[in-house]
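Each in C-alpha cells, the structures are laid out below.
Two complexes come next, and they have one chain in common, subunit A, joined by subunit B in the first and subunit C in the second.
Now for the complex of A and B:
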C-alpha cells in the first residue's frame, strides 16, 4: 500500500464560500491526464436572481453507483476510497455512469468517446500533496485536510457525507460543510 | 503624427490580441523542469506567491507555493493561468517602426535608438524639455519604478512623468497622507483574523483580490460580523451580515452619518481622540446634520440597516475597514477616503492587534511603485517634489544640482489633455494602456494622434501602442530580478525564471541605454537590479517609505519585509501606529471635516440612469495581458450591461438584447444581463475591453481636485434597446474589438 497517501486527510466542500472565480476549474484543467478539461465544475444556481455559484467535484461514494452500473467494468474504487476515472481501454462510452450518478459528476467527453471524472488528483495525493483545486481555492470553499483541522477552523459548520435521495442513502468520501449539527442532507 | 500605420484589423492579425491555450499534447517537460522559481503573480496587489516551472527558457507551468505566508498556495484563475502570457505568439521580439501604409516593420536596435534619441532631442530643443512626457506603470518592480523616476528627471529632464497608479491608489494615498502623514495600509492582513467587525466598502474583493477572501472568512469563522457596502450584490455581499447597497457616489454621506451616529450615541474613544488626534470638532461639526433619515435619502440604503452597521462598528472592540476603487474613483475620492478614516479614528481602533484600516492596493506594485518616484509630484521614499529639503536630499543622491531637478508635473489625464492642447508633443510609455484604461477614450485617441513622436516600451503591442512611432520589446515580469511591495506593505522578491526571448531586452537594459544616449550614462551605471535597489534604499532613507534596512537577503530569509524598515537590524513594521506617533507635522492623526456633495455627472431627465464600472475575476485592468489568455477570455468573453429587472422593464429591455448606452461623451452597445443583484437605479459594465466595446468611451474625465483620479464610478447615462437579441458565448471575438 502506498505509504505517502495521507489517509487521514479528507476533502471538504463549503458552498457558502464559493465566489464563482473558477480557479479550481483552471487549476484542474492544467492536469495533462484530463486532456486539459476541468473535472470540477462551477455553475451559477440562477444568475437572474443571485450571484450564488455551486461547485461540484466527484463525491467518491463509498458504494459508487457509477462503477456498479458500468457494463465494461471500467470504473474502479481503490484501497484509499478513490473512485477512478474510466479505464480508457475498457470504457465503451455508453454513458450509464453519467445517467446513474446522483451528483451529476461523470461527463462523457465526446471527442475521446470516454467518460472522464475527478480522481482526486491521484498524481498529487499519492505523493502526499493536496488535490490541485483544494490547494488553489482562494476562499476556502474547497479544503483538503484532517477532520480535526476542519473542526477547529470552521467551528460554525459540520461536515456531512450522508445524502438521502428519495429512498436511497449515499455515503461519500467527500464532505459537504453544512450548518453546525447537521448530520445528513436530504435531497427530494 | 502618431497614427495607426494601417487599419487596426491588419495590426491585430500580426500582433494580436490572439488567444493562447495550453497545448493538448502532453508536456513531458513539466515533470522535469530546468528550474522551479519561487516568485509572485504578475497581476494584483495581493502578490500571491507562486512557483513557475521553466524549461528551455520558457515558462511551461506553475506549482502552488505552499510556504508563502499570505496565500499558502491559494490562487485565482488569473494566477493559475498567468504562465500562459509567456511563450505567446503575440510577444514583441524586435524593435518595430510605424511605417504608414505598410504596418509595423522590424528594425535593428541601433536604428530604433538613433531614431528615438534624435526625435527626443528635436522635440525638446524646439518646444522645451517638458514637451516630452512619460507615462509609466506599476506592474513594474520597485527597481524599475525608481529608475524611471530618476530617468525622467535626470536623463529626459522633463517634469511631465506620471503613471497608471493615477487610476488606482492616488485618492487613498492623498487621504492617508492627510490623516496619518504616511501612505500605506496600516496593518497586514493577519490582523483581519480576530477583528470583530469588518467593513468592506467599494471593494469587490472576491473578483479583484480573490485570495483576500480567505482572510475575511478566517475572521468570520472566529465570529466576525461582515458589513459590505456596494451597489451590487458582489460575491462577498451575498453572505454578508449586512449589505448596504448604496447609490454610487454617496459613500461620504454614509460614513458621515455613521460618524454622527457614533458621536450621538457616545460610541467614540474619547481618550484616543484627546491624546492622539486633532481636528475632531471640525469633523463632528461637518456631520452634525447627517441623520440616518438623511443618509437613507441620499444613499438609498435602508436607515435600519445603516443604524445596525453603525451600532456594530460603534460597539466593536476590534475591527478592520477595507476600501478600494469603489470609493476612490470619484471627484471626491479623497473625501470618501477621509470619511472612512474618520470613523476609524473615532473608534480609536488602530495601532493595536486586530484593529486595522487600509486601502486594498490594486496593481501588482501599486504600493511600491507609488513610493519611489514615477508619480508626478513625488520623489523616492514617498518624498514631496515641492519640499526644498526633500529635493535637496534626492539631488544629492542623484548627483545633480537641486536647480536641475524638475518640479511637479502634470498627472496622467492632464498629460493627455496637454497633448490634446498641443503643449506636449512627445511621449514615452511603458506598461500603461491609456486608450483602454483612461476615461473618455475617444478623446484620448485624438490626443495620441496629435503626438509628434511616441515611443512605446512593452512586451505586447497594446491598443495604445498601435499609435506609437517606435515600439521597443521590453520584458515580462518573469524575465527580471527585482522586488515589489504588496498591498500589505510587504516588500517581496520577484525572481527571474527566463531570459527575454530573441531580440527582446529587459526594461532595465532599455532604459539604461536610452539614458546613456541622452548623455546621462554616469547616473545610470547600474550592474544589476540589486544594484538599483541599493541606491533606492539610500534614496528612501529618512522618507516616510523608508527601505534602508531592507536587503535582498533579508527579504528572502523572511519571505518579505514590511516597510518602514529604517535600519539593517530593524525587523520591519507589519502593523503601523503601535507607538501612536503619526507622521503628520504635529505627530497626531488628523480628522478631516467631510461634507457630502454630489458627483460631477449627476443624473437628469436626459440621462436618468447611473452607470458604474468595475472588473470581472477573469480579466485584469486594460486586458493587455489577460485578453491574450484563451481560458480567461472564455470565462467572461465580453462586457455585459448588468441591469435590474425593474429598470429593464422600464426601458423595455430583454435578456441578451443589445442596448445603446449613451452619456455626454458618447455611445456604446452592450448586451443586457438582467439580474436582481444590482440597484434599480444603476447599471454596471466592466471595463477590460478596447475599441467599440470599451465602456471608457462613456466615462468622464472629471478629476478629483487633490488626487486627480478620474470619476469612473459615476456617469449619468440613457438606455436604448435595439431590438436585437444576441447570443453571448465564449467564442466572442470581443477581446480584440477595435
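Now for the complex of A and C:
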C-alpha cells in the first residue's frame, strides 16, 4: 500500500489562521488509524485575555523525543518520516511521551491505558490521499500539498521546520508557516 | 546501538544454563525424559536465551531503567505495603482479565482474553512436560487385566503427586487440556486475523512479520495440535507422523519467534503494573503545576525523572534561565508554540502572509 505515499506533498500549519471551529477535530475522528478518536488538538491559548486558538498536529520530528523516552519501544518512525502512534501491544501507558513531547502532541487515553497520537492519517496518506484535517480546514490553518502550491497561496510566508526549545533544536517533517525569510522559530 | 550486549549475553547464558540444570534435576538425569520432546526442548531453550537477552537489553535503556529502579526501590521500602494491595488488584484487573483491552473494544477484549488464556494455559502444561518435570506412569497392576480400569500416576520432579483413572473426568480434562487451549486460541487468533484483513486502519500500518505471522503461527500450532488428537482418536493414528512433524515444526518456529516478534509483548506487559505503581508512588511527591496553564498535569517525580532521562538521551530542554520545557503541561507547550508564532507574525508587521 505505502508505495503510493507522495513524498513531494507536505503538511503546512499556520496556527495564526485557526478560528477554533474544530472542523479538523470532527474530521480527525474519521481517521481509521485512530480508532475514531480525534487526535488533533484545538485549544484556547489564554482564554482570560484573548480569543486566540491554536491547532496542533503531530510534527513528526526527525529525532522524536517521544520515541526516545518510551520505555516500551512502542513508538516507531517509518521510512517516510512518519512517527507512528503507540503500538497497542507494547504501550504500557506510562505517559513519558505525553510529558516529553516538546509540541504537547501525544494523548494518554486513560480508559484504554494507551497513548494515542496523530499519524498524519496514515490510512489516507499511504494511498496518496490528504490527511482528513487538512481537507476540511476552512481557514487555511492546515494545508497538505506541495511546496509550490504553498508558495503560490502564501507568497509572504516561509515554511519552517526548525524549532528551538531551550538548548535543543528540533527539526520536523511538518512545517509551520512564518513570515517570509524566517528559518527557525524559538519557542522556549 | 551496540550490536552485542555483554551483560545481556551473560544474563541469557546464565538463564539457559539454569534451565538445563533444572531439566536434569527435574527429569532425574533424563531418566524420566520423553525423548520425543527433545526438539521442543531445544526450541524452548533458544526462546529462553533470546527472551532473557532481549529483556536485559530492554531494561538497560534509560527510560526503562527508571521504572525498574523505581520498582526495586518500592519493593524494599515502606511504600511496598501501601501499594501491594493496589498492585494485586491491578494485576488481576489488567494482566489477568485485561480490562484495558476490553474497554478499547468488547469483541477485541474477549478475543484477546481467549487467545491469552489459551496460550498461557498451554505454556503452563507444555513447558513442564518439555522439561521432563512432569510425566505420567500407568499403575502396573491396573494395566494387566482388560477389565480393570487403568490408573495413571502424575510425577512432578520425580515425586509422585496423585493418581487418577484414565477414563474419569480428571483424565478427560488432563489429556484434553491442550485441545481446549487450542480451541480458545483458534477462536481468538481467527478473530484478529479477519480484523487485520478487513480493517483499513490496521491494513495501512501492519506488516506481515509483525502482525500477520504471529496470528498465522498461533492458528497453525493450534490446528496441527488438534490434528494430533483427531488423528489418534478418529483416524487410528494414520498420518500421525506427518501431523506430529508439522506440529513440532510450527511450535519450534513459534518458540524461536518469541524473542524477536510480537510475542515478546507477553514478557513486557507486566511493566504496565510497574508504570501504575510509579504513578501511585509519585503522588507522594506532590503534583507538578504547569507554568503556563497553572493546572496540575503529572507527578513531580515524573518530571524530575524525565529531566534525567532526556538529559541521558542527549536532549537539553532547559533554557538560559534554568527553566525546563518539561515543567509545562502538553497544553502549555502547545500554547507556547502558538504564542511564539503570534509574536513572530506581530514582529513582521502582519498577522497573515
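One rule holds in what follows: the second predicted complex is superposed on the first by the 184 of 188 C-alpha atoms of A that agree within 3 Å, B and C clash if a C-alpha of one lies under 4 Å from a C-alpha of the other, contacts with A are read in each partner's own complex, and residues count from 1 in each chain.
In this section, a residue touches a chain if its C-beta (ideal position, glycine included) is under 8 Å from a C-beta of that chain, and two chains touch if they have at least 3 such contacts.
Source: prediction; values computed, not measured.
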| item | value |
| --- | --- |
| Fit or clash between subunit C and subunit B when superposed on subunit A | fit |
| Which of subunit B and subunit C A:68 touches, first, second, both or neither | second |
| Partner touching more residues of subunit A, whether subunit B or subunit C | C |
| Touched partner set for A:146, first subunit B, second subunit C, both or neither | neither |
| Which of subunit B and subunit C A:136 touches, first, second, both or neither | first |
| First (subunit B), second (subunit C), both or neither touched by A:113 | second |
| Touching partner for A:166 - first (subunit B), second (subunit C), both, neither | second |
| First (subunit B), second (subunit C), both or neither touched by A:32 | both |
| Angle at subunit A between subunit B and subunit C, C-alpha centres, nearest 10 degrees | 120 |
| Which of subunit B and subunit C A:8 touches, first, second, both or neither | neither |
| Touching partner for A:51 - first (subunit B), second (subunit C), both, neither | first |
| Touched partner set for A:105, first subunit B, second subunit C, both or neither | second |
| Closest Cα approach, subunit C to subunit B, once both complexes are overlaid on chain A (Å) | 6 |
| Overlap of subunit C and subunit B interfaces on subunit A (superposed complexes) | 16-17, 32, 35, 52, 154-156 |
| For the subunit A and subunit B complex, residues of the former touching the latter | 16-17, 19-23, 25-27, 29-30, 32, 35-36, 47-53, 130, 132, 135-140, 153-156 |
| Interface residues, subunit A side, partner subunit C - complex | 1-2, 14-17, 31-35, 41, 43, 45-46, 52, 54, 56, 65, 68-73, 84, 88-90, 92-96, 98-107, 111-114, 119, 122-123, 126-127, 154-157, 163, 165-168, 176-180, 182, 185-188 |
| Subunit A-touching residues of subunit C, taken from the complex the two chains share | 58, 61, 63-64, 66-67, 94, 100, 103-104, 199-201, 203-205, 262, 265, 268-269, 271-272, 274-276, 278-279, 297-298, 302-303, 306, 309-310, 313, 315-319, 323-326, 328-342, 344-345, 347-348, 350-353 |
| Residues of subunit B touching subunit A in the complex | 21-22, 24, 26-27, 30, 61-62, 64, 66, 71, 73-77, 79-81, 206-207, 210-211, 213-214, 217, 221, 233-236, 238-239, 617-618, 631, 635, 645, 655, 673-677 |
